[in-house]
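Before I ask anything, let me first share the structure, which is written out below as structure tokens.
Letters are used for the chains, namely A, B, C and D, taken in the order the chains are written, and counting of residues starts over at 1 for each.
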């Protein structure tokens, strides 16, 4: 049976528009992927920072809302390590810590060679507590 | 006469794909805009954080490369203030400080009512120095 | 007449221990200063990043709590621009945006020559709302 | 035999002034500790954010310079998870990624009960490459 969270994530039109797929989501963890296409590239032919950010942000949202709690993003930080090689990006979101109202995640982005290309961290505000 | 930077920015396919327009760019300053469409929304019908981030990142890139120096992003941080109202987002990028190798920008994102919806800050690494 | 906030700020023993003085605080704005001494330096004889951060964080706390609302820090980001010259540092905190629960500040740190040495941004969680 | 890095870290007067001890440092990893004293507290009697930041920043510097390469901080971000319990804080710095010029670290701060109280991330610029 699908819960409300499933539809929230399924209804993310921006993620869909840019070609992000959710591979797996459970409370505190999610894995997402994106096949690199021409539309993701910037003027120097590498994946635009905003595309990497969106992939990470989507994985964070999927993990943070997997237990059915609506979560608003408060802030997010991304550090870029290297240009991705190959055609596939994956993002793994993991909860670092969570309190009653706030949750803290890190998301690691890897390229097709499993080299880490970026690290994303975010803070979420949990709107309703079960 | 167009310089190399003009084509770099014009060739940003991701920005084009999601509908971002550059209004103005000069050394240390840029203004970009995006009309909000259905494809920018997340599962709760507000503009996805990645779309806001991409708008800001594009304005930063336009400002930072306006003097013809290729600039790589090192890191970026975004804080979300409120959900945008109306149909138009604008992002203003301004240089805060710049050294020989590094430059530091802030980008303020406003909605159609001129309310600030987010603040983005980024550090760039200037690959070539004139 | 002193309010509760005055004593909160006056009782910050860490700020006092490292020699930070509050020059002025009002709702959404504060100015703090620190005379640079040997105890603030790192192994290469420049002001330690932690000392700059603490100065900024203190100014943020003074501004954010000036209206009497207890404010917890959620996160903070600092970007370093250049090594300070001279013997005096000042930090100016300004509110960028505030909602019912969250507030967002930027703090600019200047050296004795009024050159900006760092930018600090922080998010606070307002524990009680008047 | 001591190398240059040992003395850089040993000469960090700010870390010494606030009572931080280096437990262990090797290339890409360091462990530091700080016994919580009255001078570390803020006006509400919890460890000041600047003290946590400084502990983390010192661990980052010790790890990043352990191979003898001078490293400047470009930016740092800290997220606070909970108030520390007990009397001892430890900070573990780990390299996430490193290129020719830039290095990226995370530092986790734990209290005496081994609960994580904060996460710090930083980017360093490696001034000289061996």
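Before moving on, here are some points about what is shown:
Here is the rule we use: a residue touches a chain if its C-beta (ideal position, glycine included) is under 8 Å from a C-beta of that chain, and two chains touch if they have at least 3 such contacts.
On a predicted model such as this, the values are computed, not experimentally measured, just so you know.
Set against the C-alpha centre of chain C, every other chain centre is closer than that of A.
When the C-beta contacts at A-D and at B-D are tallied, the pair with the greater total is A-D. Between chain C and chain D the centroid-to-centroid distance comes to 20 Å (mean Cα coordinates, whole Å).
Centre-to-centre separation of chain B and chain D, using mean CA positions: 32 Å.
Rounded to whole angstrom, the centroid-to-centroid distance between chain A and chain D, based on C-alpha atoms, equals 28 Å.
Contact with two or more other chains is made by residues 74-75, 77, 79, 123 of chain D.
For chain D in complex with chain A, the touching residues are 77, 79, 81-82, 96-97, 99, 104, 106, 116, 119, 121, 123. Here chain C touches chain A in the complex through residues 74-75, 77, 101-102, 123, 125, going by the rule given at the top. Residue ranges on chain A touching chain B, taken from their complex, read 7-15, 17-18, 38-44, 47-51, 53-55, 57-58, 61, 70, 72-80.
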